[in-house]
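You will see two complexes here that share chain A, one where it goes with chain B and one where it goes with chain C.
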Partner chain A sequence: LPNNRTVTERRVQESWRSRACAAGLCVGAQVFLFGTGIAMPIALNSAWLAALAVLPAAACLAAACRKSAGKAPSRAAYALLFLTLMLNAVFAVSALIGFAEQTLLEQTPALWSVTVTVCAVALCALSGGEGVSRLCFALRWLLPVLIVLLVFFSMPMKIPDGLFPLMGPGAAQLGMAALCMLGASSPVLMLLLPPPDLAFAGEDAAACQLPSKAFFIRRVLLGTGAGILLLFAACVCTTYESIGESAAWGMRLRIVASDQPHEGIPQTILIILQMTAMVLLASSMLCAAEEALLQIKGNLKRMRLGLLLSGIFLFLTLILLTAFGFEILLAAAPVLIVPTAVVPALFGKRKDVPR
Partner chain B sequence: VEDAVTLCPVLARNIEVFRSRFGAPTNADVIIRRFQSGAFESAIIAVDGMVNTQQINENILKPCMDLPTAAGEDEKREDRVAFLMGHAVSVLPMKMKNNVDEIVSDVLGGQCALISEGCGMACVMDTRGFEKRTIGKPEVEHVVLGPHESFSESIRTNITLLRRIVQREELTTEFVTAGGAMKTRCALLYLRGTADETMVERIRARIEGCTYDFALTSGEVEQLIEEHPLALIPQCVRTERPDRAASFLAEGQVVVLTDGSPAALGAPATIFHQLHTPDDASMRWQYGTFLRFVRLAGMLIHVFLPGLYLSVLRFHQELLSPMLLTSVYETSARVPIPVYLEALLMTLAFDLINEAGLRAPGAMGNALGIVSGLILGQSAVSADIVSPLLLIVVAASGLGGFCVPGYAMSIGLKIVQLMFLTAGAMGGLYAMSLLLIVLLCALCSMRSLGSPLTAPVAPGRRGNPDILLRLPMKYQKARAFFAKQSDGH
Partner chain C sequence: MKRGMLCALLMAICLLLTGCGGGQEIESCLFVLAMAVDPAPDGNLTVTVKALSGTQDAAGGSSSLEGENEQGAEGGGSDLEKAEPGYIVLSATAPSCLRALSLLSATTPRTVNLSQLREIVISRTLAQTDATLSILKEIHAMYRANGEAIVVVTPDDAGDFIRRQRAILGVRLSKYLEVLFEHFSELDTIPPDAQLSAVIAAMESGTIDASAVYAAGNRFDSTLSLETGAELDRLPGHLPRTSPAENEYLGTALFSGPRMTGVLTGEETGLLCLMMSKAERRTTFIGNAQYKTNLPTRVHRRIDAEDGALCVSIHMNLTRIAGEESASAVEIAAQIERACVDVLLRLRAAGSDAIGFGRLAVRKSLTIGEWEKRNWPLEYEKLPVRVSAHVKVL
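Up next is the complex of A and B:
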């Protein structure tokens, strides 16, 4: 019979694998949202080129998170992490609402779509980060492959129109867009927090090895790559001339792959798959934010003051959004690069504690 | 006398204790037979109808009463019962006890107790002889191939059925009792060295920790074991077939048998156990895999079709071709009630027919199904109460529901179907997608006895290629992930 350590080690590795898959999927989805929300208005149809800057940023961040995982920083670092993750969640939920209003729920009152979306994300988060991460793990191949297949099999004729001019409005705008895009790598920060299901892995889970740095980087890069591919599809499907006309963010999120978008079942499936990725991003971020909050205030009950706080925060933000529109959020999103750079540094300074 | 905890050496007092506990002689079922056994007096306590009286007469009473009058004279007083067991009684399974509660419980279970003058111990012997149903065919888990015998209500018979299949010295049977006032005997069966002891310990603790007055059936015992009482899907796998229960044991699961229930529970279980049938393993792998996909398609149709119909009709008309859409609206226009209400009523009517057919006796049940299905359906369409397309949708969905292997699972999926129906009506495909993700997240976070319900898919665990695809036998080498592993992984 194996010693318990071997079994426990496998469980620990699997927990981290699920976590890394969730992080990869979240970065991919966030790249697409940042690309359509922030980069596309600046760099127009070359937003996908700007998104390439996220690849090295996400890889470095994944490596830093792997190095700092299991270290206990100050409460301020956790608070900053909490706020960063919450902003990510709000960003994703807002995009989801905008997308739904422009595609599947065109005739539905805004309050209804906001309520349904917020409730669904909160319910997903209620099952805990463990459930969301496992779902991301189960969908790690299925979701990106289906999205990429659906997009690329229905859009070949449009590529030449949307691809040029390659540099969009110019190198300066491209550089600016790339800088703004860097914040899209912030979901990787969830790797700083230990997966919640480690509690079930066994008594000696703390002594077990984490997956390698290369594994973390590979997972995150796969997700980022899928997000960039999707953004590429969105860019080339909308021509250079008409890209500025799609003023609404939700409109830009739609990849108009088919010539008859409203008559295609594949188009609807594609929209649903995109939405799935956004829901998973929002709920993963919400769960991770709650875990960060639990690290600050460890005596919170699991059923869960943290989630309640997150829900209230989310709801307040959405009220703000409905009052001021998406512009405030889109303007604030590039700032995410600051905590994304600071948080791993704060985590890295502290000594190791048992995971 | 009423508060006695253990037996004392005075036979008359012990008899008085049992009389008091059983309410004899008012309670006419209780037999307390006092007799001379050699040099001292003894007594037998049993419950009429629960014991095999012929066995008691021939193997206990007669040999004891035939002893010479001086027999046992020189024995120590506290060894008198042991003397009788060694020199007269010829019944095989027996235990020496002196706790009154335990003896009373055993006697109520069909065993008999032998006590003697001067001895503070009783010998409890297995002389059960109550009537029981013979081994029959499975009522719920029908198979085309494979064995056709099922469990019965007698726990002893069920254990024997399992032992006949699993002829291994590692097969261990533990008895535990569930319930406070009215105790139910349960048996935990597992293969030593294959099943994880932690799992056995968890089940034992949960059953014995039951604080309710009674947990009589395997369904109630299942609720004691499960971790998520609010979940819509079962967390143990239930079977009425000994061959399937044996496969659970081989996989490393713990099988729980409950006295009085013709079913076995296997725990821990995964969601994939709920989708498998015993036929899958009996068939060649291609056939088994194909049938699994057919069942999966049936389940998907059952859960999603009514909701999809509503969401397309109310929110996404562009997904239908204009001709079909015209036809749908033409038929729907004549129906005076909203389409959601129409769909809800039809789905509930289908469930009503199903339930009535199930509860109605024998042949009447079949007739009821035909009458309700043909006459009511036809009449409802003629009277413009429902549209014909909806009738087809509900019928197809209902048919898909019959593909679900487990009865408990099928009821859970019916509830999920109604949830999707409502979501489709209120928010179209968007709400349905959100609901699906919420349910999947909840499913992924669930555990059965601490082991993830969605493993080995998420989280990844080592296991046989027997999840949806069922690969050939030569690849089915690994034990389930929740069992003890034998190769260091």
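Up next is the complex of A and C:
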């Protein structure tokens, strides 16, 4: 029988594995959302090329997070991390609302959509960061493979008509879109926070060796690659003129699900799976934000007050966005690159806390 | 405590996630099956729809609706006619298609629902203007409009066209139209990408032009005799036949951008389908013999690197199933080549790149600016065409 030490070591490894899988899945989903929301209006059919910039950014970020994991920075660093993760959650829920309005809930009032979506995300987040990570781990192959298969069956045009002109509107716009896309790697920041289930394992867990840098990078890159692949499908299955005509974010999100989301079974399943990925991204970010909040104020752990506060923050932000327009969010999202670069640096500054 | 809170939350979710809010009863919808758009005086459009009346007995349903019609006519030109049992025809005139549909919705005690739309008929006069794209986009933008509806262009009055449209052979009109388009697609006498969403995408694209189904009412007394002997080398409305189905769907309406610029006969449409690699015709007549056709490889299209010629290469296997063979494989190949060149020249003359050579040309441009500077429509009209056919008679 394995001794306690071996069991704890395995638990640490598996907790980090599910955490890394969740981060990979979240980055993949965020790449698709950033691609359709921000890169497509700038780079049109070459948005997928711009998204390739996320690959090195996500790898570097994963390496930096691995290096800084287990270090305790100032409260300000945690506050910045909380805001970054919350902005990610707001972005994911906004995309979910826009997508639902264009596909399954076309005639639903905006306030109703916001309420229902926030409830769904909060309900999913109720299981905690550990539960969401485990769900992501369970779906790590199933979700991307099903999405890829359904995209193949649902694409409105089988011939890659949108692939050319390869550079889209030109190098300048492509560069600008690539720069804006870098913020899509920010969900990796959740790796700065230790999996919450390890808190119960006590000192043994703290003494255990974390998985290697390559371990994190591999999982994050796989997720990013899946996101880029989905964005590639969205770009090539329609022409740059049609992308230019798709004014609403939700319209661009549904390109891969073709023009008839109500009629075809594969299209409807694809929409549901895409929504599942968005819910997982939003709830992962919400849980990670709750964990960051707990690091700032430990007594918020009682009755999940941290989650409640994060949920209220999310709801109020979405209400404001509903009133003033989601364009504000799309304009502000590229700024995410700043905290994404700053937070790991702040975490890296402090020395290791005594285990 | 925690469990209690969870239960309360779940119960709240049950209320919040209910799918019944804002639901529409089937009786409250006006399911449109066919829609026609005609030009009207002063730049207006007349939109005519053929819809399910919702009752088996049309007379019972129409009496109440006629009353509404009178009100609608006073208010803004809405018109209603009795068509056939189970179906009603309504029309409205307004400055735009969307406003005409709003007028119909406002003057009928039902919500206009385009989810069951099977065909959109546009009169040729209207299709020859730049308004076509905006009309189709307005229809497509309507809640749950069926993007798979077939776009049809007719030289007649489009409203009259759908009034004449009746389900024959004992099926309901929606199924009848589905079967009709499927059947003509298999015969390759109508273009393959005439669905609403495909037509809009092609009209918006700079790399391919749209094509729609060409159709007209049968005028048996004014049969037009064409020079060729092929039965289907004609335009609709001129077929020597009688049938309870008055409308004839045959041929292609060619578009250059949003504007209709030409037509192809039924036979030419078959060749267009062949060159687009979308030919479905399984049997064909050549001379007095009937052949089973098979395309072992995709039809290869390219733009010649030297002289920029538009080249099409067809490989075809023919198996004689009936009749006497009167031509050799080489003769048949030469015949197909000549016919395809004629079709390409007609397309070029109409300025319509329905085959999509633009999609090959765009590959040489690295950026959108470079591609748009090239001015493909102008270049296309000057390029030579070449077709090579390789036929094997098995």
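Following the convention adopted for this analysis, the second predicted complex is superposed on the first by the 333 of 355 C-alpha atoms of A that agree within 3 Å, B and C clash if a C-alpha of one lies under 4 Å from a C-alpha of the other, contacts with A are read in each partner's own complex, and residues count from 1 in each chain.
As a convention for this text, a contact is a pair of C-beta atoms (placed from the backbone, for glycine too) under 8 Å apart; a residue touches a chain by one contact, two chains touch by 3 or more.
None of these values were measured; they are calculated from a predicted model.
J.: Should A:Thr238 be classified as contacting the first partner (chain B), the second (chain C), both, or neither?
T.: A:Thr238 sits against chain C, while chain B stays out of touch.
J.: If you stack the two complexes on chain A, which partner ends up touching A:Ala323: first (chain B), second (chain C), both, or neither?
T.: neither
J.: Counting only touches as set out at the top, which of chain B and chain C does A:Leu123 meet: first, second, both, neither?
T.: So A:Leu123 meets both chain B and chain C here.
J.: Between chain B (first) and chain C (second), which, if any, makes contact with A:Thr108: first, second, both or neither?
T.: Touch status of A:Thr108: both partners.
J.: On chain A, which partner touches more residues: chain B or chain C?
T.: The larger set of chain A residues in touch belongs to B.
J.: Can A:Arg134 be said to touch chain B (first), chain C (second), both, or neither?
T.: first
J.: Could you say whether A:Val279 touches chain B, chain C, both of them, or neither, answering first, second, both or neither?
T.: first
J.: Looking at the overlay, does A:Glu14 come into contact with chain B only (first), chain C only (second), both, or neither?
T.: First partner only, chain B.
J.: Kindly classify A:Pro169 by the partners it touches after superposition: chain B alone (first), chain C alone (second), both, or neither?
T.: second
J.: Do any residues of chain A touch both chain B and chain C, and if so, which are they?
T.: Residues common to the chain A contacts of chain C and of chain B are 107-108, 112, 116, 120, 123, 262-263, listed in rising order.
J.: Going by the contact rule at the top, pick out the chain A residues touching chain C in the complex.
T.: It is residues 44, 106-108, 112, 115-116, 119-120, 123, 126, 156-157, 159, 161, 164-171, 238-242, 245, 259-260, 262-263, 303 of chain A that touch chain C.
J.: Which chain C residues qualify as touching chain A in the complex?
T.: 2, 6, 9, 12-13, 16-17, 21-22, 115, 143-144, 146-148, 197, 201, 204-208, 359, 362-363, 365-371
J.: Which part of chain B faces chain A closely enough to touch in the complex?
T.: Counting only chain B, the residues touching chain A are 193, 315-316, 318-319, 427-431, 433-435, 437-438, 440-447, 450, 452, 454, 457-462, 484-489.
J.: Once bound in the complex, which stretches of chain A touch chain B?
T.: So the residues of chain A touching chain B come out as 1-2, 6-7, 10-11, 14-15, 17-18, 100, 104-105, 107-108, 112-113, 116-117, 120, 123-124, 127-128, 130-132, 134-135, 137-138, 197, 200, 262-263, 265, 268, 272, 275-276, 279-280, 283.
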